[in-house]
Amino acid sequence: MTKTILLTGFEPFNGADINPSWEAARALDGWTGPGFQVVARQLPCVFGRANVALLDAVEELHPDIVIGVGQAGGRPEVSLERVAINVDDASILDNAGQQPVDSAIIAGGPAAYFSTLPIKAIVRALRLRGFPAGVSQTAGTFVCNHVFYGLMHHAAGRLLKAGFVHVPYLPEQAAARPERPPSMALADIVDCLRIAVELAVGVDGDVAEAGGATH
Amino acid sequence: MTKTILLTGFEPFNGADINPSWEAARALDGWTGPGFQVVARQLPCVFGRANVALLDAVEELHPDIVIGVGQAGGRPEVSLERVAINVDDASILDNAGQQPVDSAIIAGGPAAYFSTLPIKAIVRALRLRGFPAGVSQTAGTFVCNHVFYGLMHHAAGRLLKAGFVHVPYLPEQAAARPERPPSMALADIVDCLRIAVELAVGVDGDVAEAGGATH
Amino acid sequence: MTKTILLTGFEPFNGADINPSWEAARALDGWTGPGFQVVARQLPCVFGRANVALLDAVEELHPDIVIGVGQAGGRPEVSLERVAINVDDASILDNAGQQPVDSAIIAGGPAAYFSTLPIKAIVRALRLRGFPAGVSQTAGTFVCNHVFYGLMHHAAGRLLKAGFVHVPYLPEQAAARPERPPSMALADIVDCLRIAVELAVGVDGDVAEAGGATH
Amino acid sequence: MTKTILLTGFEPFNGADINPSWEAARALDGWTGPGFQVVARQLPCVFGRANVALLDAVEELHPDIVIGVGQAGGRPEVSLERVAINVDDASILDNAGQQPVDSAIIAGGPAAYFSTLPIKAIVRALRLRGFPAGVSQTAGTFVCNHVFYGLMHHAAGRLLKAGFVHVPYLPEQAAARPERPPSMALADIVDCLRIAVELAVGVDGDVAEAGGATH
C-alpha cells in the first residue's frame, strides 16, 4: 500500500518575499517513489492558524509520515530537529502581528516531544552524499517550533511518524543581507528533503550515532 | 528564615585544566545576603555520578534554590537555560570515559522540564548592569543538560526553585584556542551569578519579556 | 580581437582531496563569449613554485586578464580581493612542507598592490543575480596572497588587468567538517566566476560603491 | 632618557556613546614605567581631521613610539594590525557625515605600510598572560585604517616606531546588541595595552612566529 508523506513549508515571514522551506517542499509535491507519494502544503506563518492548517491537511490526507520544514536563517546546514517544546516566545511578529511571550502551545500538554523521524540516520545519509547536515537540539520558540509541537502532540499515540527539518537561507536571501549569513542552493535543499523522505519511509527506529551538543 | 542557595559548578572536562563554572561558583561559596546564604559544590563531569553528587548535596543542605552552572565554550554571553530534555547524547567522552548516545536520563521521565528560575528577569537585570546575557533554548545533551534534567526531575512537585546557567570560556581559555572563541572575565561571570542569585531569591514568578528564538 | 582570460585555481592542500577553486576554474576552461576566451590552469599550492607556474602560463598564453581563484574555507560568500600584501606568513604547511614566516614575496617590492579588476562592479552584479558576494580587505598571508601578489607585481606597468577571487568550501567539504562552516554549490561558484569574467572583460574602471569594512 | 609613548583612542562613533579604545587609552595616560612615560590623546572619528589631530599630537609630544587604538566591534580578541592600506572606503558615515569611497588617503602614497611594532612578540606575550590576542591582516578601510596609514606614512623614514591595535566591544556594549557579539572587560583591555606598550619599548625587531591567515 502506498504511503502518503505530507511535507509542509511556510509562507515568507518577517517581511521576506520568499521562504526556502516552501520552495523546497513544493518542488517535491506529487513526487512518488517505491511505495510512497509526497504531498506538499504551505502553512501560514501565524501562531494558531498554522496548526489549524496543518491538522486540516492531516485530516484530509491521512498521511503516514509528516515532515514539517521551516527556514532557519543563519544556520549553515540542514538541521534535523530533535525536540519540540511547549512554549511560544516570539522575538519577532508573526504574519498576523502576534507576538506571544512564554505561553503554552497546548495548555497542560507535556513540556516537550521528541521527533519520531530517524534523525541520526538522515543526518548520516545526508553527510555521506555530501550535504552539510546535523541534529539540532532546538527548533526555537517561534512558529516552526509551534507547528512541530502541535504536530507531535497530534501524532502522540497515533501511528504517525513525524518531525521537523530546518533549512538555511537561499543564496539570493543571503546576498541581500549585510550580516553575510551562510546559505544553501535550492536544488541542494530539495535533494536533502528527498533523502529525508526516503529515510523516513525506509528506516524503522534509528541508528545509534552521536549527534549531541555539549551545550 | 535564611534561605540556602546551592550553586554547583563542574570540574574541568575534555582535557581542560580549569572550568569557569566552578571558578565562579566557588567564588560565591559562603556569600550571604539579606535572607540568604550561598553554598557552592563541585560536581564531577560524569554522567550518572554528577547527579548522585548533586542529590547528595541537596539532601545534605536542604536548599531552597539550586542553580547549576556549567561551561558553554564558544558562547559569548551568560545564558539562562529554559529547558532540560530527557536525553544523553555525548559528542565527546565524559571524565569517566563514557559516551552515551540517545539514552534517557530518567527512564519513563517526561521529555523535558522547564526552569523555574525567573530567567527573563535575570536576563533583563544582567543586561541593565552591562553584562551580555540571554535566554538559551537548549542546554545541549551532555553532562550539563544531564544535571539540569536530574535537578528538575528531583525538584518537580517539591518547593524547590531550580535551573541552570551556562557561562562562557575564561579569557585564558580562549587565548589558548585556535578558533578564537569569545570569553568573559571571571570577575564578570561571578557578578552575573551574584545577580542571578539575588533575582532567584527576590523574584516570584517571572517577567513577561520576549526571550525566544526564531529557530 | 579575442581577449584571453587566464583563470587559475589551486590543487587541494592541507590534506584535502578537492579544491573548489580548481573545480570551478576548470569548468570554464575553453569557455568563449563575445570577444573573449577562457583558459584555466591549475597551480601547485606551494610557495615559490606556484608563482613560477603562474608566470609560465602568462608567458605562454599572453592573457589580457588574469583572475586567480583560491579556496577560503569558512567564508560564506565569493569574495573579491582588494589588496595583495608583500608577506608570506604560513599558519599551515604548504604542499612542499614549507612554512615561511614573515618573509617578503618579492624582496624590495612594494608593501602591497591593489587589484585592477572592477571588484565593486563584480560584487554588485553577483548580488543582483542572487549570489552572496563581497569585497575582502585581506587575501591572507598563505599561497593565495602569494600568488595574488606575484601576479600583481608582474602586471604592474603592463597592460594586464588582474586580481584574485576567493571562493567558499563546497557543500561536500562542509559536510565533513565538525565546525559546520558555510559552503556554496559548485554550480553557483562557476556562475559567479562566469559573471566575474564577463565584468572583467566588459567594465573599464570600476563603479563607486561602498565596499569597505569598519575594521 | 625617558621614552614617550603616545597612545591614541577614538571618540565614540556610529551613534555609540562610548568607545573602548579611548576608555582604555586614557586609563594609561600618565603611566610611567622603567624608561618610558605614556601620553594618551583622543582622536575624532572623522576622516582627515583625525590625522590632523594625530600629527599635531606627534609634533607636540615628539613621541618615540605611537600606538593607535581603535574599536573592532565583533572581534573576540585584541588584534595587532599588520598592515595599513592607502584607501578610504566607508561602509558607514564618520562623525562629520562623510562617507568616502575608494579614495586614496595620501594621493600618490604607497599602497600599504607594515606596522613597525613587534606584533608577534606582543601577541605571544598577551596569550602567555591569558589574554585572547592575534595578528590581524586588515585594519579595515574606515577611520582606524585611515589613522594607521597616516601614522605610518608620517613615521616612514623617521625613527618612530608605530602601529595599530584593535580592541573588542566592552561587555556593556555587547549587552545592548542583538547580534550577541563577543566582548572584553575594560580592565583586561587596559592590561593588554600595558603589555603592548612594554613590549614596544623593550623589544627590538620581532620574534619569528607564525601569525598569518590562510585567507
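Note that the chains are named A, B, C and D in the order they appear, and that numbering of residues resets to 1 at the start of each chain.
The definition used in the following text is that contacts are C-beta pairs under 8 Å (C-beta built on N, C-alpha and C of every residue); 3 or more make two chains touch, one makes a residue touch a chain.
Computed from a predicted model, the values in this text were never measured in an experiment.
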Smallest count of steps, each to a touching chain, taking chain A to chain D: 2
Of all other chains, the one whose Cα centre sits farthest from chain C: B
Pair in C-D, B-D or A-C that repeats A-B, with over half of contact pairs matching by residue number: C-D
Centre distance in Å when chain C and chain D are each reduced to the mean of their C-alpha atoms: 29
Distance between chain centroids, defined by C-alpha means - chain B, chain C (Å): 46
Inter-centroid spacing, chain C versus chain A (mean Cα positions, whole Å): 38
Residue list for chain D, restricted to those that touch at least two other chains: none
Category of the chain touch graph - line, ring, star, complete, other: ring
Pairs of chains found to touch, sorted by chain label: A-B, A-C, B-D, C-D
List of chain D residues in touch with chain C within their complex: 14, 70-75, 82-83, 85, 87-92, 99, 101-102, 110-114, 120, 135, 137-142, 144, 166, 206, 208-215
Touching residues on chain C, where the partner in the complex is chain A: 76-77, 126-127, 130-134, 170-172, 174-176, 180-185, 187-188
